[in-house]
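Going by the order they are written in, the chains are A, B, C and D; count residues from 1 in each one.
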Amino acid sequence: MDNLIPVLVGLPLAGAAVLLLGGRRLDRFGHWLGVLASTASFGVGLVLFFDMLSRSTAQRPAFEHLFTWVPVAGFQAQVGFQLDQLSVVFVLLITGVGSLIHLYSVGYMAHDERRRRFFGYLNLFLAAMLLLVLADNYLLLYVGWEGVGLASYLLIGFWQHKPSAATAAKKAFLVNRVGDIGLSVAIMLMFSTFGTFAFGPVFGAAHTASQGTLTGIGLMLLLAACGKSAQVPLQSWLGDAMEGPTPVSALIHAATMVTAGVYLITRSSAVFNLAPTAQLATVCVGAVTLLFGAIVGCAKDDIKKALAGSTMSQIGYMVMAAGLGPIGYVFAIMHLVTHGFFKAGLFLGAGSVMHGMNDEVDMRRYGGLRKHMPLTFVTFGLGYLAIIGFPGLSGYFSKDKIIEAAFAHGGTEGWILGTAALVGAAVTAFYMTRVMLMTFFGEKRWQPDAEGHEPHPHESPSTMGIPMVVLAVGSVGAGALFAWNSSFVKWLTPVTGHDEGHSPLSSWTVSGITFAVIALGVLVAWTMYGRQPVQATPPVGSLLTRAARRDLLQDDFNHVVLVGGGQHLTRFLVYLDAKGFDGVVNGIAAAVGGTSGRMRKLQNGYVRSYALSMFGGALVLVATTLLMRAV
Amino acid sequence: MNPVNYLYLAALLFTIGATGVLVRRNAIVLFMCVELMLNASNLALVTFSRLHGNLDGQIIAFFTMVVAAAEVVVGLAIIVSVFRTRHSASVDDTNLMKL
Amino acid sequence: MSSFPLLTVAAALPAVGAVLTAALPAATSAKRRDINKTLPLGISVLTLVLAAVVAIRFKPGGARYQMTEHHSWISDFGIGYSLGVDGIAVVLILLTAVLVPVVMLASWHDADPVANDAGTFERNRRTQGFFALILAVEAMVVLSFEATDVFLFYVFFEAMLIPMYFLIGGFGDRTVGEDARQRSYAAVKFLLYNLLGGLIMLAAVIGLYVITAKQGIGTDGHGTFDLSTITQALASGKLHFSPVAEKALFLGFMFAFAVKAPLWPLHTWLPNAMGEATPGVAVLITAVVDKVGTYAMLRFCLQLFPDASKTFGPAILVLSLIGIIYGALLAVGQKDIKRLIAYASISHFGFIIMGIFAMTSQGQAGATLYMVNHGISTAALLLVAGFLMSRRGSRLIADYGGVQKVAPVLAGTFMIGGLATLSLPGLAPFVSEFLVLVGTFTRYPAIGIVATIGIVLAALYVLVLYQRTMTGPVKPEVSGFRDLHARELVVVTPLIALLLFLGVYPKPVSDIVNPAVRDTMSDVHRTDPAPAHPITAAQVAATNSQGGGQ
Amino acid sequence: MSVPDTVHSLWTVAASSTTQTIPTPHIEYGQLSPMLAVFGAAALGILAEAFLPRRNRYWAQIGIAMAGLVGAFVAVVVLAAQGYAGTKAHLAAMGAVAVDGPSLFLQGTIVLIAVVSVLGFAERHLEPRSSTGAPVDAFAPQAATVPGSDAEKSAARSGFATTEVFPLTMFAVGGMLLFPAASDLLTMFVALEVFSLPLYLLCALARRRRLLSQEAAVKYFLLGAFSSAFFLFGLALIYGYAGTVSIGGIADVVSGTATPTPALANTTANDALLLIGLAMLGVGLLFKVGAVPFHAWTPDVYQGAPTPVTGFMASATKVAAFGATLRLLYAAFPGVTWDWRPVLWGVAILTMVVGAIIAVTQTDVKRLLAYSSIAHAGFILTGVIAMNKAGVSAVLFYLGAYSFVTLGAFAVVTLVRDAGGEATHLSRWAGLGRRSPLVAATFALFLLAFAGIPLTSGFAGKFAVFQAAASSGATPLVIVGVLSSAVAAFFYIRVIVLMFFSDPRPDGPTVAVPSAFTATAIALGVLVTLGLGILPQYFLHLADQASVFVR
């Protein structure tokens, strides 16, 4: 059975290869091929999952070594897979949500002439993401890590004729590359410390390494996670990534790829557990990002960017949870899964709205869409309730647990983190209610576009509807399923370990407070966007709002400091290379030429002057010969 | 007289010849100066011959004379042909080739 | 070991081919011209077959140098015609043999007579000359990889400059005006720069000879240039360099190789040469000829002067580090596609040299793989860029835009070339780049970490290039572009296939390279730094039984 | 120097020896046969010039010269085969001529150079025929006529030819054969003059641009005579010091192994005589090899002289002069190595650097080659300075290699012509590679050999001299050498660029089709250049075996 593991990766990879190399003759049915590859992989995932279920806890992790990849002296990189309880959760999430989104895309991309290629990229993404979560060592994980980055790049920039899309794609890749430095340095550190970078041996030997080394590895892994999961300070690419087609935003930039950072931290729990400094950094990054994303989400009028801010914020929760250590790992993953459902659902809903609105993304041009798109409204609404943590829906189970764990962290830190998480929850409720109200409630605010076509909002085809329904069901039920009998905790504990912690507040108190702040958030939003009509043009807004619209000025900072500085540096270096280094080279040539020009003047054509040089030469010869003897 | 004085004389003649080559313009005079240098050498040779008490130096002096004569033949031929072309025996006029 | 002189034949074949190609009667029509071109192409393919035979007959783990041939050449100077290959040489010969036919095919029309004087006798001769020169370069490069005699190596190291010089200076889009002047400037710069390096190396070669002669290593009081003899004498203590002499000789050798490689700050000839040469020739420069420089560092600098290599290693590492960052930054600032790739190559050569002087197995094996992978990836990128440029006749990035829309296959292959250049995992260059980084990190952590900045910058210049040329609205001049046609696809496909294959399964190559690296490491008396906290067998067993997760 | 009484006692000794008989000189004609053959041919040539009708002279002179040269070469080979280059080496003609390895090697080289040169002199296809249809060569129809005069025109019309060049060349060759073999300073001096005087004349004989030609001759002659005077004075001083002019005798005195006589004790008390004398001999020799600062004549003379003569001069003179220099320094003055070596270091460095640098800005191909020859003299000097066996063989090899490249290069120069004769201005060479690829490629090969690119003879030679210098500890010289080689490479490459990468001028020169003579000369040049480049072993070995001087 274990030898099915490579098939998981192989199916979408083969799909991608066929779709990308197959050429135009596959245009007619290529998308179904993509869906098939994805669902087949999901099927295999299910088979493996049930197979794992049937085994005892100790026997559940499965290993499959394919071949030796790069053997050089002590450096032995293997291509090997590891399917344990953690991986299988991801496998099912990736292939499951992935298949749904493939299906959705069949409808969404129906009118795009390059749909085949789109499915090829999606399949490529699935393969890379599966490789990422199935790898049994960091170097192979790195391959998947960059592979998803590539797929993300290709998909964000899928509409390449739009300069903004191309720029966004490039930005995403670059920022991710900065994070990748972290992963490479972490691997190098592991290799130079342990002589290996395979999960098992590294985790087994982690306790032998010095605190400094472990902290270094942890921080570097955190850097990598920041890049991939759009955490502060490497978060700037995610908002721009919304240039990609909406299914991409749903799958890659909400449900799966961006959560890879959480996977990385959780997978490396053995290292983080021994490196408190790295953990502290992780919770800080998570807490800051969850607030950051939430604030940005409040200010955006672009529905996808608002959701992107939300994604950032929710992943902030996960990262914070993962940083909390054994009390948080499980809930980080649990929130990751539930988030996968509801955020994917929300994005698909947003896509459906855009589909019906001629690709309009500005929420100020929506309004009252619930009448035109009832199915979208219902599924989006369920997702909305799930994300704000409405009791009983999946967000409630996962997010409350994280808030609880934050308090359980203990001490001042615990209080600060807990409070941040609560504030985040309130803001989440605010901005999601804002999105909901601006989109589906109130009066219609859409207008004819430049060419006079007025949008005719309509419900999307069933290929798009079915996935939305399925995801809505997940948004509603997944949390309860996981929480029931602590099944999720039990499932993951063998991998990540689990610790209940000692919360200063009881579980019910936390739930109560959380519910109160959520209600507050909803109320404020209703006051601002429900009770009074939404303006079609955005108000100037407060300083914070304006900053938040600009992603809290991070892009401006990047632009001035990194891009501007970089451009100046580059221009200077180009100048230096031409005038400095090449100047020296050309200068030497010119100097030789100049010397030559001066020296040849000695050759003046007068025989007597030649004789003089001979005579002088003779004198010098005689003099030096004599001098040599004297000396 | 001390034979060494002849050496001094030879050196003096040689220097006069060399200086003449440097300062005179007329090709013939220039050449005569070279001849003077050769003869200075002859004087030195003969003096050394006497100092060493063997005849080599004197014989060499004869050879030198022959060589000088041959040189005159060739030199005058060249100088004369140049003179006929340029109507000038000044060596400073022959400076078409330089740099 | 049979007595068949396989290595000689592998080098002689292209040499003879060069002569034959030049001697073919000049074509009188375009068709005849194509027929004439098939001869050099066929010979280069045959050479590839021979190189493959060499690779197959090579036994990793066997003798250090295999298929050796020894003949006396200039015995008065202890110079022998000594050939032999170790793993490093084998893979580089293979690389050369793969790239030459590809380059020929890619440059099929690059040397054709231009429209206004098409078909003239003289011009057709010139076309044949182009292919003959490529074969000549191949012969000399192969010989310099095969040479196990320092002098023999030097001879071909220098001699290959001449055909390269004519290839750079003699062929290009236009033959008159400013372009031609720039090109001849570039060719002269290439030659003089390298010649200066070579001459300084000559002084060191002479020094080496004098020292071996003085210490009686050769026969009959002559010195020797035989690599094995010198290495053995060094190992056994029969030969001993004074520290000053060793450093001076090392620097002499290194200077030449650093010019050729090129190592910052001796790099300024490369952007000119690659910018002005035709894309195919630019590939020859950066992917084939320059590799001789890095190969020679590994083979000669380290092997002959182990102590000096250790002394200067850190300094060279710093230079290579500067080169990595500097080249990448300059690549970002370029307006010209070929110059951009040239600066990117400078950055990559920084990695190769860093790997060599990190003095670890990973670094050196990585550097060797890097040479191969960089050759393939740059060839892919440059040749596709060449196809692109041939459609518009401009080298400026700003003249393109939106090509992806009209020529998706071209854009796709360009993208793959670019991704390989930025060392995307899964493609071959990643393996080597990571090995170099790891190898450097284990000995010099700080340098290894700073070098990773190069990874980000590589992404920057590749993606900026791709974005500006391939994406965005379709420029009017670009709208008529034809997608890659059959010949161009034939050129690109093997390169991409190799990139993928070596990215996924580099083991066949690394297995050949590893023993050679081991030998080199023992020559410099270096062992890999041991892990600080090595995994014990017990721990491995324990973790395995735990299930590996924790 | 006080006047010793011994002089008076010698008087008496001399008086008492009046009864002694002077022994008949013993001349080993066989061992001198190379020189005798050439001198014989020269004398015969003079007779032919006097007695043969004008129309027969051309072929007769070629025949005589070739016969003499071939005879000389056979003689050299036979002598070498008999072991005179090795174990049987000895002094012939009462100690005046050394028959040893270096002599025979250099004589062989010179004879071969002469053969190629004579082929070049005999070329009659390049110049347009005279109005009577007679083929004409590169030399003035009648040297005595004034340029531009009616006499010259009528001489040209009637197709006169200065066939005297052949006997003149033979005399020069004879002198050159003797020069490196001379085993006493007097013979050396006479040989110097014997080969110099005909060369002065040959320089003046150009058919075209006779003003330049005559100017070259005047300059060469005056400066040559000036340098000879230095040589002679140096000779006198050395004689004064050692009481003898034979190489062996001088060496004995210098090293202190000579039988001390009172006179010697007196003259050797002060080394100034020795050192000044040596320096002055050096002036004479360095002038001939064209070393800085005695090089000034080289560019002017090379430019003005008829190109075939330039080729001959540039190669053969250098061979002979370096041969003599080697013999002097290695056989006569090894005892004062430490005195002359630093001086020669300076000269060598100056020569390499100045030659290479000035050449960079030259615009005339012949002047360019002249400066290049100066730089090469510097390279050869590094080998001379080595002062070991390797140095001798390296210099011998370099001379052989270099001279054929030079001959070939100048032969190519004769081919590139326009209405005014040879087109020597470099700008006229632009695009030659397009117009005439074969000639351009040949010239490029010679230039690459000059530049010392591997697989050409120039590289092997450079390697040989530099390794000899390095093994004697002259590492700085080697470094200066390689650096100036780099500078030198610049101008060689500049010419190649010009030929191949520049556009041809519409009014550019044509490449004349030469007769078999020049073609053979060029082909030989190519052959030797590549042969000594790719397979130098045999010749190196030969040079190595021939590297011991007898004294």
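Going forward, contacts are C-beta pairs under 8 Å (C-beta built on N, C-alpha and C of every residue); 3 or more make two chains touch, one makes a residue touch a chain.
In this text, all values refer to a predicted model and were calculated from it rather than measured experimentally.
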Per-chain Cα centre nearest the global Cα centre, belonging to chain: C
Taking each chain's C-alpha mean as its centre, the one farthest from chain B: A
Distance between the centres, which are taken as Cα means, of chain D and chain C, whole angstrom: 45
Length of the line joining the C-alpha centres of chain A and chain D, rounded to whole Å: 80
Distance from chain D to chain B - Cα centre to Cα centre, in angstrom: 23
Averaged-CA centre spacing for the pair chain C and chain B, given as whole angstrom: 65
Multi-partner residues of chain B (each touching 2 or more other chains): 18, 21, 30, 91, 94-98
Of all residues in chain A, the ones touching two or more other chains: 589, 600, 603, 605, 607, 611
For chain D, residues that touch 2 or more chains besides their own: 218-219, 222, 226, 230, 299-300, 490
Interchain contacts, given as pairs of chains that touch: A-B, A-C, A-D, B-D, C-D
Chain C residues touching chain A - in the complex, by the definition given at the top: 189, 192-193, 265, 267-269, 271, 326, 329-330, 332-334, 360-362, 365-366, 402, 404-405, 412, 419, 424-426, 430-431, 434-435, 437-439, 441-442, 445, 448-449, 452-453, 455-456, 459-460, 463-464, 467, 470-474, 504-507, 510-511, 514, 517-518, 528-536, 539-540, 542-544, 546-550
Chain B - residues contacting chain A, complex: 18, 21-23, 25, 30, 91-92, 94-99
Touch list for chain C against partner chain D, complex: 72-77, 122, 125, 154-156, 158-159, 161-162, 165-166, 169-170, 175-176, 180, 183-184, 187-188, 191-192, 195-196, 199-200, 202-203, 205-207, 209-210, 213-214
Of chain A, residues touching chain B in the complex: 600-601, 603-608, 611-612, 615
In the complex with chain D, residue positions of chain A that touch it: 589, 592-593, 595-597, 599-600, 602-603, 605, 607, 609-611, 613-614, 616-618, 620-622, 624-626, 628-629
